[in-house]
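Chains here go by letter, A, B, C, D, E and F, matching the order in which they are written, and residues are numbered from 1 within each.
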Amino acid sequence: MDAIPLFFMLGFAARLARSDLKIPGQLYEALSIYLLLAIGLKGGMELARQDPLEVLPQALSVMGLGVVIPLIAFPILYKLGRLDRHNAAAIAGHYGSVSVVTFAVAVDYLLARDIPYEAYLPLFLVLLEMPGIAVGILLARMGGEMRSIKWGPLLHEIFLGKSMVLLGGGLLIGWAAGPDGLAPLQPFFFELFKGVLCLFLLEMGLVAAGQAGALRSSGAFLVGFAIGMPILSAVLGALAGAFIGLSAGGTLLLATLAASASYIAAPAAMRIAVPEANPGLSITAALVVTFPFNILIGIPLYDRIVSLVYGV
Amino acid sequence: MPNTHPCKLVVIIAEEALESPLAKDVMALGAHGYTVADVRGRGSHGSRSGAWDADKSIRMEILCDEQTSQAITRHVEDKYFRHYAMVAFVADVGVLRREKFVR
Amino acid sequence: MPNTHPCKLVVIIAEEALESPLAKDVMALGAHGYTVADVRGRGSHGSRSGAWDADKSIRMEILCDEQTSQAITRHVEDKYFRHYAMVAFVADVGVLRREKFVR
Amino acid sequence: MPNTHPCKLVVIIAEEALESPLAKDVMALGAHGYTVADVRGRGSHGSRSGAWDADKSIRMEILCDEQTSQAITRHVEDKYFRHYAMVAFVADVGVLRREKFVR
Amino acid sequence: MDAIPLFFMLGFAARLARSDLKIPGQLYEALSIYLLLAIGLKGGMELARQDPLEVLPQALSVMGLGVVIPLIAFPILYKLGRLDRHNAAAIAGHYGSVSVVTFAVAVDYLLARDIPYEAYLPLFLVLLEMPGIAVGILLARMGGEMRSIKWGPLLHEIFLGKSMVLLGGGLLIGWAAGPDGLAPLQPFFFELFKGVLCLFLLEMGLVAAGQAGALRSSGAFLVGFAIGMPILSAVLGALAGAFIGLSAGGTLLLATLAASASYIAAPAAMRIAVPEANPGLSITAALVVTFPFNILIGIPLYDRIVSLVYGV
Amino acid sequence: MDAIPLFFMLGFAARLARSDLKIPGQLYEALSIYLLLAIGLKGGMELARQDPLEVLPQALSVMGLGVVIPLIAFPILYKLGRLDRHNAAAIAGHYGSVSVVTFAVAVDYLLARDIPYEAYLPLFLVLLEMPGIAVGILLARMGGEMRSIKWGPLLHEIFLGKSMVLLGGGLLIGWAAGPDGLAPLQPFFFELFKGVLCLFLLEMGLVAAGQAGALRSSGAFLVGFAIGMPILSAVLGALAGAFIGLSAGGTLLLATLAASASYIAAPAAMRIAVPEANPGLSITAALVVTFPFNILIGIPLYDRIVSLVYGV
């Protein structure tokens, strides 16, 4: 059995059983800095091998996906779920953006099965991080409040948030240094990757279980949304992947990115840009429901979806 | 003969997301400095254990004169209290080197 | 016209082993919240440098009304003071949003 | 009937380089203990973010009687204030177990 | 010369010389999380290869050892050492439980000498962690106070303390994932192990020297106990190992486990369950005397004892 | 392109752009503990292979270099730069001491170009750390104040500061354990080295950019000094290296050591020993100007200087 979900389950169970196990806050930060940099570096290294003319149209389509998903999620939340505008928009923004760790788990899923994929896919991870957040903020401010958006600080928050800087910076360094320049970094950034990911998932299990109490107050609709929306997004992602000509492996990664919801960059940006939204709701949905759903059930499911799309 | 001078100590405990906006605000409102520590806790918004990004809290303390203290407390009341997990209080203390803290 | 309201601030500095029992106790005794920071120090039980498990200390502060403050201080005096490295003190402060802290 | 006794709380916020000299000094001046936390901040010497060695600050608090409090504040004023980034203040608090803090 | 004791000695000397070297608190926690998980994983992986019917009787005997040791230690401390009941019981509990790092050093001792051992021995580490603590608490509460034990929180503290969760959780994950599932974690959890252990021993040296001042007030009896008791326990452990049919290497590990005293799980549990006991005494004995004694002198000595038992 | 300067530049750019990226303080400490220990271990391991009679005269010459450099720097700062005595002396002390990370970058420069060097050079790093600091303090206290120096605490601060303990302790352990004893530590302390160095340089970039604001107030003279002095010292170092018979690679390392300025050990010692000096000045010079200059431009330049000296 693969170790990754087991670490998540260990953390989840430990916290539910009220163990005093804690991952120190700065270790959490250190692990997430490592993961973001390592993913960026790897993607950048592969990007150096790529023909930019081939990647550019793909990149634009992928960014379109990041715009479309929150535009679909918003009416579901606002009309169907009867959430107020601010909460509906904030949650939509979380689902438009992506989860780096979910991406890493999907990559591991492919590696374990020897399924090839376009190694520059971390580029799409970077590109998908922010459009969803920006759309979420616009949705929250539509109707009169639009002028009150201070775009300066906001763009700053989005483009210079730690995950963008580390992912994007890693991408640039990997691209500039190339495979040769990165070879001496191999043992640190690549060989340790899966072990660090396991430790991080232990912590995510602790965190998710710690927030699980909020499930009760968040209502059945939100839980349903947090499972249904990823599946819908994954279908869109799978179609997009096929459309832009990715391999089956690459398409699975794109579907997973589409299905994943941000719980690092989006909460930070929304807290400043849409303070009226209750962060408990979006975090419960993204972290307590969608994240475990994706890593435990979602990824194999999206694999099936991709197979259907590819008619295998 | 005491070597201290009356001064206000404003303490704000808030979500970490507010650290840099608060820092900017208190300086703009006339404070000459501030001190920040990482904390965790519990309140009306539930438990904030500080274990991960969105769950961190900070404790900012500002030594300042009465007038600045009122400006700061009113400002945080208006701008942040409604939507953020936070509390604030003010204490009377005696500072050394008074000239560092008054306008 | 001040926007703050009189309130008690109880501060307990204690071995880290007491963090979760103390948190439970103060909530049970009527507090509406608390804030905790990691600290190190020295006292009658010698130096506690915080470098490893058994050597860590915490500083818990609780904003509450007079009655709760007395309940908390009496409780920690009875239950913990004899056997644990700890100190506690109470200060008078002025809080914003009084309704958050009184019973 | 309150169970607390009047006491002074001295708080010193200073460069981390001073942690161990200050600790030695306050004990020599009659304090029976102290508590230290890691902090960051801003003041007349600019921003001290705590990100690396020379940029760290600490917050030391000392519960003691009036006399010791004056001895400490005068001492830090004479010995450290001129050349170091630091502030200090004193508050009146009520302590439990008075015998721990007076000489 | 082996590097491990050198790192301990460097830390010890640095602190005695009042160097300002400090290992940050959260690094200490990170290292100990790593060590506990890695040991658990390794043991679990090997357990998967084992016949449960063979291991079960061994496991029960080992747990018996954890009960017997504090029952021997208690009268020595209480009658001979004239410690009060609470302190005698608390210290007995520390010696009934085990030290994970001492175990790791003994494993390294075997590896360096190419001596084979039953690779599932971390299971015994897990099993020995708590019986000693439970017996210590019972001893402290005997005579009237028995009813005052709140077993709920206590069992919780013992079974869900961080070291049990990480060791036991690691064991389960290693067992479920098996050698194949753990292969990608090899570089992180296994290859780095000894380096991390060295760093941890540097910190242990700093900590032990920092507590050394308490030696003066603790008295000669306690120091004698902290050296004599481990030797006695090691003999018991060696006999038990031979009895349950372990190899010489496995027997050395069991003897070392028996000889080691807990300074992570036991202090935490005792502080809550037996607050009347002075933690300075038990920590001085376990950490300042027994721990260095074991890693510097004890392990080679127990190796001799095992050789005697095996008639080599 | 080599990855190391890229990481520094990423950190520098992120901070200038006011990104919220932060390296947690304890991660910074952990990384620096690791780097110091690893460099010491490596040097000590190689020292074990060396003939002491050969190394001793070299070592003495190198320590002379550490005395000469601040004696040259002081009059430049005091007379030419018109800084007051305390500041001139403190800054001179920083430039007499060395930067461990600059050394590590220079080693990496040699490795990337397959240029051999005397592997025991970390010994010189240790030897150069303190003479410069001591001379700086003496210069500050010359003229009447001399008696007021408390040598006890000062020597303590210098010899037992964390960087001396870790570098020197690592050296001793490496020497005592030798290549065989260190072999199992290889994956942790040596293979990960460059990755950890990259992470540290990311943080150094953040820190340097964070201090860059102080440049304005420090004046053009200091900036000039912070570039000119390293070049001058590098020439001295190159001559000294040739004089004591080092290889071209070893000479480059010695030149780089001479050119580098301390920003860990020296600031800590000066803060206590010469509190009258403004730490802003020395840190701006050493960290904001000299450090980036050395790693980006200086090392290749010193390589040329060494080639000239060796007449290649």
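Everything below uses one rule, namely that a contact is a pair of C-beta atoms (placed from the backbone, for glycine too) under 8 Å apart; a residue touches a chain by one contact, two chains touch by 3 or more.
What you see is a predicted model, and the numbers here were worked out from it, not measured in a lab.
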Labels of chains that are neighbours to chain D and to chain E: C, F
Pair joined by more contacting C-beta pairs (E-F or D-F): E-F
Interface residue overlap between copies chain B and chain D, same or different (over half shared): different
Centroid distance [mean C-alpha coordinates] between chain C and chain A, Å: 39
Whole-Å gap between the CA centroids of chain C and chain E: 34
Where chain A touches two or more other chains at once, by residue number: 20, 22-23, 25-26, 30, 187, 192
Per-residue multi-chain contacts in chain B, two or more chains: 37-38, 91
Chain pairs in mutual contact under the definition given at the outset: A-B, A-E, A-F, B-C, B-D, C-D, C-E, D-F, E-F
Chain B residues within the chain C interface of the complex: 11, 13, 37-44, 57, 59, 70, 73-74, 76-77, 81, 87-91
Parts of chain B lying in touch with chain A, wherever the complex brings them together: 15, 17, 21, 38, 45-47, 49-56, 80, 83-84
Parts of chain E lying in touch with chain C, wherever the complex brings them together: 22-23, 25, 28, 203, 206-207, 210, 213-214, 263-264, 267-268, 271-272, 275-276, 279-280, 283
Chain D contact footprint on chain B (complex, rising order): 2-4, 7, 9, 23, 27, 32-37, 63, 91-97, 100-101
Touch list for chain F against partner chain A, complex: 1-3, 6-7, 10, 14, 17-27, 30, 108, 111-112, 187, 191-192, 194-196, 198-199, 202
